[in-house]
Amino acid sequence: MTDTIPTLLLFPLWVLLTAFIFCVLSWQRAKVQSAIAIVAGFLYLATAAGLFMEVYQNGIQVIQIGNWPAPFGITLVADLLAAGMVLISAVVAFAIILYSLQDLSAERKKKGFYPVLLVMMFGVCGSFLTGDIFNLYVWFEVMLVASFVLIVLGNSKKQLEGAVKYVTLSFISSGFLLTGSAILYKLTGTLNMADLSVAIAQHPNQELITVSAVFFLTGFGIKAALFPFFSWLPASYPTPPISVVGLMAGLLTKVGVYALIRFFTLLYTHDLPVTHSVLLVLAGLTMFFGVLGAIAQRNFKKILSFHIVSQIGYMIMGLALFTPLAIAGSIFYIIHHILVKTNLFLISGIVKITNGHYALSKLGGVYDRYPFVTVLFAVSAFSLAGIPPLSGFWGKFILAKAGLESEAYVIVAVSLLVGLLTLFSMSKIWVSVFWSATPESDSNLPQLDGRTLFRRYYCLLLASVFLTLCTLGISFYPDFLISFSEQAAGQLLNPDSYINAVLNQ
Amino acid sequence: MKTLILATLLRALTPLFISFALYMFFRGHDKPGGGFIAGLIASIPFMLHAMVFGYERTRQVFRVKPTVLAALGLLMALLSGFFAVLKGEPYLTSAWVTQELPLVGKIGTPIFFDFGVLLVVFGVVLQITFLLTEE
Amino acid sequence: MNLIISLIIGVLFSASLFLMFQKSFFKLIIGVILFGYATTFFLFTVGGVTKNAPPLLNEAAIAVDQLADPLPQALTLTAIVISIGVQLFVIVLLKKVYEEVGTEDLDELNTTDRIK
Amino acid sequence: MSLFTTAAYISIAIISVSTILTLVRFFKGPSLPDRVISLDVFSANLLAVLAIYSVLSEEKAYLNVALIMSLIAFVGTMTFAYYLVQKREKSKNYDQ
Amino acid sequence: MINDLFSAAFMLAGSLFMLIASMGMVKFPDFYIRNSASTKAVVLGVLLILLGVGIHYNDTMIFVEIFAILLFIFLIAPLAAHIVSRAAVITEVGFWEKTDLKELEGYKKEQDKEAKVTKVE
Amino acid sequence: MTILSCILAVILAGFLSAFFYDRYRNIVLSVVSLLFLGIIAYFGSLAGPVLEGATLVQEVIWVDSLNIQLTFLVDGLSLFFALLVTVFGLLIFLYAHRYMKDSPQINRFAAYLLLFSGAMLGLVLSANLIGLFVFWELTSLSSFLLIGFNHTNEDSRRSARQALLITAGGGLALMAGLILLEIATGSGYNLTEILAQPEVVANSGLQSAAIILIALGAITKSAQFPFHFWLPNAMAAPTPVSAYLHSATMVKAGVYLIFRLNPLFQEAMLWHHLLGGAGALTMTWGALKAFQEDDLKRILAYTTLSALGILFMMIGLGGEAAVNAAMVYVLAHALYKCALFMTAGNIDHQTGTRRISQLSDLGRKMPVTATTVALALASMAGVLPLLGFVGKELLYDALYHAADPMAMVYLALLFLAGALFMAVSVDILYNAFIKTGKLRDQPIREGHLMLILPPLLLAAVSLLTGIAPGWTVAPLLKWSAANIHDFAPSMQLKLWHGFNLVFLLSLATLLSGVGLYFLRNWLRQFQKPSWASADFWYDQAIAGSESVAQFTTGEIQNGYLRRYIATVIVTFSILLLAAMAHGQVFQSLSTAPLLKGLQIYELVILALIALATGFLFRVRSRLIVTATFGIIGYSIALAYTLFSAPDVAITQFLAETLTLILLILIIHRLPSYTLKTPIARLKYLPVAILFGAMMAVTAYVMLLQEKDTGSKAYFLEQSIPKGKGQNAVNVILVDFRALDTLGEITVLTVTMIGIIALLKFKPNNKKA
Amino acid sequence: MVILINLFVAVLMTWFTQTIYPGIPNSGFATLLLFAGWNALLWLLTYFLSEHSFHRSRQIGSLVLFYLKELLTASLRVAYEVLTPQDHMQPAVIAIPLEAKTDFEITLLANFITLTPGTLSIDVSKDRKILYVHEVYVKAGDTEKVKRQIKEGFEKKILKITRNPNQI
């Protein structure tokens, strides 16, 4: 065994689980839980940043849990992609915790919002770090069950309705993951991803490997909201409060995408023309039908929800193209999207506070009354729509470049068309929520001016500003993130370093 | 649901179930059994109690909050791995006491871990049953 | 043995889906739970099934290849417990949906994702 | 196959028939208590099968499964009874 | 050898009792008869089979465990039967037409009174 | 670095304005003016070397990982446009300072305007294609914000969105085109390098696609047919915006782009045909429409279309003379059109209307404006001695001498357009300024000095440069033109070329224009039907895509869970079938022994499960369903025992019982069965069976496989010595894979919290 | 209590004997026999410590034996009933007046009744004076005879165990 154990890998997990436990122990005490959550959020961010720096400087970090050698015990691995994802999830979680301090009612806080949020991050973080497919399933479940709770927390009719669909389809997707893991174990006798990568390459029955790929494609496809598996997302995401939906919208589907990337770069590279063509077709359809859904909607949150689906298509497009640049594009896109999409939902929540609605027809006047909110929205919205030099542009640009280089003209055309349609539906929000005149407001709605909004809801705005600054950072100085994405993609496409780090420790 | 016969028998069954649960727990490392199974068995008499006497009565008998039990169980499982970290080994590396104890058998961090599992299962099942038997 | 196992798996999956396609929320839930059983059973059997040889060792060492592979069993155990968690949640969700929405007709639970 | 094994196999066959008969009662009902007790008998049958199977495969561990079965089936029965009584009390309260 | 003989005999006898119980389950005319007759034959069946198993293994721990199972069964089986039949009476599951119900009247009155009291509370 | 600083300074000034303009108006004005003056001075200082043929390159490292740097290039062409942007920017800012003074959102206006100026400056100076593109899109964005400036007006919003969608859509095409250029040349998006290798591009096989995509970008940006309709609608923007963006600068971005890339593509026929065709159509169409309009700003917008069309047409024609002419015409048009827009704004400002039919007597009441308008209109119509005349002479000359067979068609159309310009000019001048009418007795006077001075200045420059083009603008323009066609500078500018055919043509144009003016009533009766307008089709496209979206989404997202499940399952099954068929898995099945190792208990379990499942379909009562489900669960547990997994079996027994208990505890709270449907719905039965069959086949195939037993042996061998336990399953759970178990109990705890939240949450109506 | 101590000590003694004398086989019947032997010895010893406990243990043994006999005969009757075509059943619900007073006594009685095939205790009345029993074979509607049998059989034996002998 090596002299130094990279325990740094475990810090984010420890922080989150401990905070969860203490939140449960201080059940019903909203203030204490909020305090624990904010401290934990900060520590999580700090430890994630520490881990990221460690991986960035010293390469892949591996820890064999329980000191059992690699293919037998559970291995946690942080390569660049995983560490980056942990860091970005910490950023978003921190913003959401901040936001929720003022967004949520005391009742929601008392009934477990913070512990469940923390444990969901625990699951998310574990999913990123694990190097074992069954363990990945477990982390997914931690994350999912927590998200079930977050989705229903509040018990409104809509939330429950949405939850029915979300829970059922998620459960089915978990079933596919389990059955897929069983098949892989049967075929290769191992669950360790690095070991699997080796075993799959040497397996005599490559066609059966492809069969197992279908299980994971479906399982992760549902979690990532790929076409035609995405229906649960628009059904459930618009229902819970913003603090919940912001986090889920930003992070959860991306965990599915992350898993797809992991599996289809590390494991399923045996039959690229088949597997990745399917992915490419699904990516195009996801983009297209997602944005169609967004165009059809007339509700702020619903439009944003469908946009998630559409954007997932871009991330999968990069994976499917399977060139270093394309995968770097995917990674960049994921990180950009997590920041931007979360922020958009947060802003929709602020708009809700000012106008009392999410329906486009009942919204208006934000542009005049709250210029600051408008600026926050504009940054994220135009970024999502791909207006340069905002971050979304870089994502689309890299993917388009990669696609054109691979002569995948159809998908590039689709992605550009979808980009236009995204702008189309984003501008619909802009025009009806921000530009159109203030509609006859509800009499019971508090008439806030900008100053009061700020005073009363400074946490909401701070959270949004925090994310906006991150977005602006990667917009105007994209070089770090892009070169990071390229390095991460390099690691993904040359899994030898990953495999060596895990197996020959 | 309160009947004399049931109430009387339940009183007799409770210690039986609990000792049986402990038996299943301690042999779990060598024979079928273990934390999950033991936790569920231990919770059965209290489940029945809540069904028979109603939640209010059970809460009076059962003072500890099940949520606290569950959280402590989780904490125990989490902490059982830290011993190794202090020794400079990877998290969750097991450590055993060399001497076997009578009745209980071998003692080591995995046993503590499994006991955490027991507590979690016990707490969770009880909490859910209590909630559902509450009118 | 393989044939029977496959048939059991097929029956369980078909039944679970069939239940999910019914109008009643209650049956949907039973279907979901059955789906969980089917997947864990699949995990267990496909992961590696051996008859008459539980992975229990004695001091008198038995030849290892005589015993069943313990790993799929442990995985199945974990999967069952996790599914239990989800199942319990779903069951309580049923109650809550009935209380709040006032129906268990799945056809009436279709409002949140319609265009409005 | 020894005499003993044969006897065990015959026992299993008998219990299998018995299980099916129990299920017949279960499917026929007509009342819920009928179904509950047939479920009870069903689990006793399973217990018996497990016990004999344990003998057949010379594996004591299966007897533990039977042991737990015996405890568990009872809880199920209790819950069904609980349901019946609760339901009755509720409807009585509604009636008046 | 003699062990095996005993063991086989016990197991066969037990299974037969179980079969009879199941046949009774199908044949008997009402719930109460099924409950009072069959479930108990099952207990006897289980007792015999477990004894057969115990004899076969001839192991102390197994005997202890079997003793534990039997103890549980003897505590639990009557309890379950009692609870279910009580529930059946309360929910007015019908008796066989030949049943003499004169002496049940008092019980029914008591139950109705109790329900009323619950309601007033 | 300096250039980047200039651009950033302008944008920064925009931010300053956003915060301080309302409170410190004059200070901000001075700062901005000084800034512009400084920048102009800086570019003026660069003029020296540029006029000697030098090019200046500045590079700032930006996105090194993508090989994208902020590279700036100052040569004749970019210097010309940079001066155009800054000089006009300064004038417009001064003008707007007064013009918009009562607007409550003047801060934003100034900010957007400055953002635009910065972006436009960046666009024309960028020597990196991606840098250029970034600024390109920023100009679209700021144009969007400015067109929608009167955002409470429905029309403004629509126009703004329309302009954004069209220009940004073209932008996406442009991006693809630029990437293709990069792929073809591999030169790090460096403009100079790419321009140096036209033959590489031509031989790459990507040239046609690149041309189409780039032309699409330029056409949309410069409002060429068939994307011309957004520009007249963009007149919803405040007048300074129209004057600046929609006449002088932003719409010229497309022109700039085709100028810039002309050396690369000038050998490609496609390039010429595409641009020439679009230009000629737009030119003619714009002029015709201008003549039919009554609103001053819309007239100007249509003439702008027409003028842009002329420029496109000239590039389409190609060749030295055409490029020279186009370059002069760019300047001429910018000067007169900007002046005209500003005066139109003044008229609107002072009289309250922009409709010619409502205006009269302005010549007497607003003499300075009248002078300005007269000069500018003269330039537009191409009257001697204004710069417009010089430009038109060059256009005619280039067309007349061109070898291209299309040139004669272009010439004829240009003649028509020129005549219409003249007619329009006469119309405006006579009806609004000379004629006496409704406004005779209105107290109308000139606007503020800051409103009338900038246009007058521009008109004066038109005159000055018209009189002496060779001294004033030729030195710069010749280098600009040289950069376009990549030849040595060849422009010879004179006001007077003598009585030649071209001059006669000019004269004839003017006369025909006067003639057309008198035919105006007759001509104006030909209104095109509504379906012939591109605007109409835009609306159709929007509505169409929305209804397609609604239909599709309504179908996909129809709210029924079973449909979602079926979609997932069917897709999965098809993929699985395809994978199996692709891998010829089915063939291997036919040889497998089906009944090997069959035992009676397995059959019993199968029978139990099948019976119970069958029964499940026949019952409605929840409780019986639950009990039946219990039988299935116990049977599975039995199966686990038979397959050597006592731990799993016990767990399954317990899990099943727990589930049963919970189900029962829940059911008795629900009212009795309410659904009055058939017991079983069979519609999706085939899906269920398909899925079951697929899973069964998969399981069967997998069960036939031999397994690698490496990890199994490890666990069994290490269980006692290292795991200290005989039950290998338990050792795995609490030691080998304890992390899984940790996750598992976490799931249980979360479930508990979830259930508490479900059952105990008391919704608070105020903040639901 | 004494009985429990008795059992526990017997277990310890058995274990001791087996550890001290390895010649004695430590599995199955051998152990059981050893255990029974130690138990019997200890039981005889209790005679000198507490005569009451001694008798009670004897009575418990007789109750168990009595019950096993009842179980067997009644099961055979059920078998006969099942296997023959015509039915001999004459069921009735019988209200048995209770002499047993404590919870433990009543429960024990009710359970033994239920455990015997053919009889089933339904409930105890609120005032704990009547036990309602379902009996399958009531010959000629003679419910009194059944009551007498139960009271003479199970109830008496149970009360003998739970109560001081001089109370009966």
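Points to keep in mind about this one:
Order as written gives the chain letters A, B, C, D, E, F and G; numbering starts at 1 within each chain.
Everything below uses one rule, namely that a residue touches a chain if its C-beta (ideal position, glycine included) is under 8 Å from a C-beta of that chain, and two chains touch if they have at least 3 such contacts.
Values in this document were obtained by computation on a predicted structure and should not be read as measured data.
Looking at chain D and chain G, the chains that touch each of them are B, E.
Comparing the chain pairs B-D and C-D, the larger number of C-beta pairs in contact belongs to B-D. Averaged C-alpha coordinates give centres for chain D and chain E that are 11 Å from one another. The mean-CA centres of chain C and chain G are about 44 angstrom from one another, to the nearest whole unit.
Per-chain CA centroids place chain D at a distance of 69 Å from chain F. Taking each chain's centre as the mean of its C-alpha atoms, chain E lies 78 Å from chain F. Counting partner chains per residue, chain G shows two or more touched chains at residues 110-111, 121, 123.
Of all residues in chain B, those touching 2 or more other chains are 3, 5, 9, 20, 30-33, 36-37, 41, 47, 67, 70-71, 74, 78, 81, 92, 94, 128, 132, listed in ascending order.
Each of the following residues of chain D touches two or more other chains: 12, 19, 32, 36, 59, 61-62, 64-65, 68, 71-72, 75, 78-82, 85-87. By the touch criterion given at the top, residues 134, 137-138, 141, 144-145, 148-149, 152, 155-158, 160-165, 167-168, 171-172, 174-175, 178-179, 181-183, 185-186, 191, 231, 234-236, 238-239, 296-299, 302, 359 of chain A touch chain C in their complex.
Across the complex, chain D meets chain C through its residues 57, 59, 61-62. Interface of chain B with chain E (complex): residues 3, 5-6, 9, 12-13, 16, 20. Residues of chain F that touch chain D in their complex: 600-601, 604, 607-608, 611-612, 615, 623-624, 627-628, 630-631, 634, 637-638, 641-642, 644, 646, 649-650, 653-654, 657, 660-661, 664-665, 667-668. Of all the residues in chain C, the ones that touch chain B in their complex are 54, 56, 77, 81, 88, 92.
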